[in-house]
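Common to both upcoming complexes is subunit A, partnered first by subunit B, then by subunit C.
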Partner chain A sequence: MSEDNQNYQEFFFGPAHPGSGNFSVKLKLEGEKIIAAKSIPGYLHRGFEKLMEYRTPMQNAVLSDRICVFEPLAWNLVHANAVEELMKIQAPERAKHIRVILAELSRIQSHFIWYGALSMALGFDTGFKLAFGYRDFILDVFESITGARVYPAGYICPGGVRRDLPEGVEEKILKTLEKIDEMRLWEELENPTFQARTKGVGVLKLEDALKLGATGPVLRASGMKTDVRKDDPYELYSNLDFDIPVEKEGDAYARFRIGLREIKESVKIIRQVLKKLPQGEIMEPSLANLAVPYNLPEGEVYVRQEAARGEAAIYLVSDGGIKPYRCKVRGPSFFHLLPVLEHLLQGEQIADVPVIYWSLNHCPADMDR
Partner chain B sequence: MENKIQEKIYSQFGVEAKREKQRRMWLKIDQERLLDLLRFLNVLGFEELSGLSALDWPKQEKMELVYHLWSYQEKMLLSVKTMIARESPGIDSVVSIWGASAQIQEREIHELFGIDFPGNPDLSELFLEDYSGPPPFLKDFNWRKHYE
Partner chain C sequence: MKLKIILKLIRNLFQKPLTVRFPHESIPIAKGYRGKHEHNMDKCVSCGLCAKICPNKAIEMVEVAGKKYPKIDLSKCCFCGLCQDICPVKALKLTQEIPQATPDPSSLIIEVDKTKLDKNP
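Then we have the complex of A and B:
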């Protein structure tokens, strides 16, 4: 019970909790109130940064899938961009368009997982099933294009993409976008219980958010208008028309609203890109033979992108060999699950732990790497 | 915008920030003046410590720390690099500047590279539970031997 006769209990949320994923938090409780929380990472630590030092960029493209289970294509893109920037090459225009379509579809399906999990945390099973059901339409598109539903095996690779779009897939994507629009049902499904459980829960103030390293939707829900796609554009984003949703409250409900509005913006982006999709090459010719290793020029780059969960970055260093000298992966969940979560849980009720936890749109895999 | 920042850094510290392309600058500084420079940059608007990374250079018997700083106002990334000795490596913590986001990144670097950060309140194990071997991200770490 306690060392110094104080009335508190220690309690683990995870790693075996059905809602926790590969992660746990040690909670110190006084009655039902949390007086301290300590995150315990490491359940998914696979040492990617070290593994990448022993592999060529094309092999690393396949590894980069696994950095985050929920959005492998986004991490494919960060890695591919890092290698291209180091080699001072650019992917062909058609490949860039395909990449943006996939990155945005990936963002939407990742946000669906977010809602599914948040609904589950609230005991709102219908929401969970709806979100995961609709996500499957997107996975079908991924299967047509990349050959796999979840892990594309380095489909977005240094130099372009591995295969051209199959015939008729544009049609399929447009139909999927209609399905996604159908998900506006969400707004109608927001019932008083949903709001009561999320409004005013887990409030993150802007100044705290900045100190704690929050990025992406979590930071935008606290009132900061920032998005790597706008502030530090990559691929086609400087030529696309979309808005950055911002909310002020910083609570679980605001974060939920951000994701919902971002899905709308992503749909807008995909429609624009599909309209402009050019014909042509899909791979930079010098890298087109995937089996031939190439030298990475000596140098270093830091590439940042906006993944669904926040700022995703790779610091790639080369000493001129065929393998990178160092590859540091910056996962947004590293900050959201460690300092941010520990900060938010303090003083909250134990029943709100799953809601706060899932409202952060995290992925233990990109935290542990 | 970028020129102004380059000038300010040069007039204060006499080092030149190299502009690599739009929104990317790199800067090298010696270990002694690092903390002053970082504090100065934080005041200039580099509010986010986007990434903290270490590099191991066994041939030169050096280690290198890289601080990737992002400014939300100027929309610019400035990477600050500094070399430290490889023998019992250590460098002052930047927790006083970037708070918890720096604390957790230094804790990770401490575990994976064995670099000490005096001033950091908690450098306990992070990913590697019950691990007592040498820091695994060093270049001379023999993973084959380690898992025999």
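Then we have the complex of A and C:
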């Protein structure tokens, strides 16, 4: 298509492209080079912020699963903590331990999806199949603890967790950790094609990353040491020993390395928490009876946490009723898919679009809400 | 590192695949799995709490023989299990049975079984 005597083509990546997943980018091409990119969000908008105004906190806990398809448990935890902070209560110790174990397992499985999707973008199908195969071991653990493989249905709910760990699940988790280490070994193989296609591709400089609002692994891959678990600790994270991996290069390869190293740290965290898992209550007694509705005290809170793909936050306002007055969801992918992606695609080759796109570890679901 | 990987590769040659041959084999479903509902009407006290907490409004209270019972529409249900947790007499239970895909929507509605009621007044 030519316009004003300029020779360029317009080209859509997504939303029906098998590698794009409910998200679309409009590319302006000059030959093979991208001169401009425009993200088109909205294909997965479900309106959680409005839906949550019509439901009680327990029903919202069930709803909060669906904000992000890849890591429902992380969003469960953000929502539960927001309600608890508003009500000024704390979950019992045992519930806190269970929550951290599940949040870290959820981070690992999300990083496996990340690796799988990145491999698929490179045409490296073996990596994709391995990642999804090994992810199933983690889903088996979720199934026995929460009652479903992907959506826990508000397992982490305001006041604690919905049911206690089933018998013998600790051994199952330890066995799964071994499987995770095995998968890490495969990831570390890094065949030459993988390196050639990711090194130096989609370089995000630190000042750009900060300006465009990148968080989480994307920001850490650009050289900033930041992690909400350390900067603003919640649950048990202040007493746990783990490192924050940082890389300097800011390219797709550095982001892949961050994912790989974070899996190792998460395994370390789970082993520590499993060792000191206490006995006792799993639910705050005042909220334990579902049949008795409780009021959310008047006020507002903003709770942020480190999800696998960056900073996940919920802003909750209450006017004193049993339902929240307003709920705002801040998804990390919003910033990675709109400003960051548009910035990174400029001047790149069209063949690198899927690699850059998936290296950002995003989920269109939490961007569109 | 390299040696570890080569050893693993050799071991992998003799390992079973990660997948199973589905219709012929399947992986066991965990004990606490949230599947299709089972409603024990003899226990039900018609309190209506399950219909109240259901986040998807999948439960409707219908009158049968002078008493109200929950009618569950599985096509709206997200299998959260809140109805099971809230039921004061444990009349509703989620079983390990997974509802199958069907072309007939009416087969997904768990009606109140009148025949059972007549036998156990």
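Keep in mind that, in the parts below, the second predicted complex is superposed on the first by the 366 of 369 C-alpha atoms of A that agree within 3 Å, B and C clash if a C-alpha of one lies under 4 Å from a C-alpha of the other, contacts with A are read in each partner's own complex, and residues count from 1 in each chain.
To be clear about the criterion, a residue touches a chain if its C-beta (ideal position, glycine included) is under 8 Å from a C-beta of that chain, and two chains touch if they have at least 3 such contacts.
This is a predicted model, so every value here is computed, not measured.
S.K.: First (subunit B), second (subunit C), both or neither: which does A:Asn22 touch?
M.R.: The answer is neither, since A:Asn22 touches no partner chain.
S.K.: First (subunit B), second (subunit C), both or neither: which does A:Gln272 touch?
M.R.: A:Gln272 sits against neither subunit B nor subunit C.
S.K.: Which partner chains sit in contact with A:Ala313 here, subunit B, subunit C, both or neither? Use first/second/both/neither.
M.R.: first
S.K.: Quick check for you: in the superposed arrangement, does A:Lys211 touch first (subunit B), second (subunit C), both or neither?
M.R.: first
S.K.: Once chain A of both complexes is superposed, is A:Arg162 in touch with subunit B (first), subunit C (second), both, or neither?
M.R.: Second partner only.
S.K.: Does subunit B (first) or subunit C (second) touch A:Gln346, or do both, or does neither?
M.R.: Neither partner.
S.K.: Which holds for A:Gln90: it touches subunit B only (first), subunit C only (second), both, or neither?
M.R.: Neither: A:Gln90 stays clear of subunit B and subunit C.
S.K.: Let me test your reading of the model: by the given contact rule, A:Glu143 touches which partner, first (subunit B), second (subunit C), both or neither?
M.R.: second
S.K.: Can you list the residues on subunit A that touch subunit C in the complex?
M.R.: 55-56, 58-59, 62-63, 133-134, 136, 140, 143-148, 151, 153-154, 162-163, 166, 182, 185, 188-189, 290-291
S.K.: So in the complex, the part of subunit A that touches subunit B is made up of which residues?
M.R.: Per the stated touch rule, the residues are 41-42, 45, 47, 49-50, 210-213, 215, 224, 226, 231-232, 302, 304, 311, 313, 315, 317, 325-326, 328, 330, 334-335, 338-339, 343, 368.
S.K.: Enumerate the contact residues on subunit C facing subunit A in the complex.
M.R.: My answer: residues 1, 4-5, 8, 18-19, 27, 29-34, 49, 53, 55, 78-82, 85-86, 88, 94.
S.K.: Once bound in the complex, which stretches of subunit B touch subunit A?
M.R.: Against subunit A, subunit B makes touches at 23-24, 47-51, 53, 55, 66, 68, 70, 72, 75, 77, 79, 98-101, 103-104, 108, 112, 126-129, 136-137, 143.
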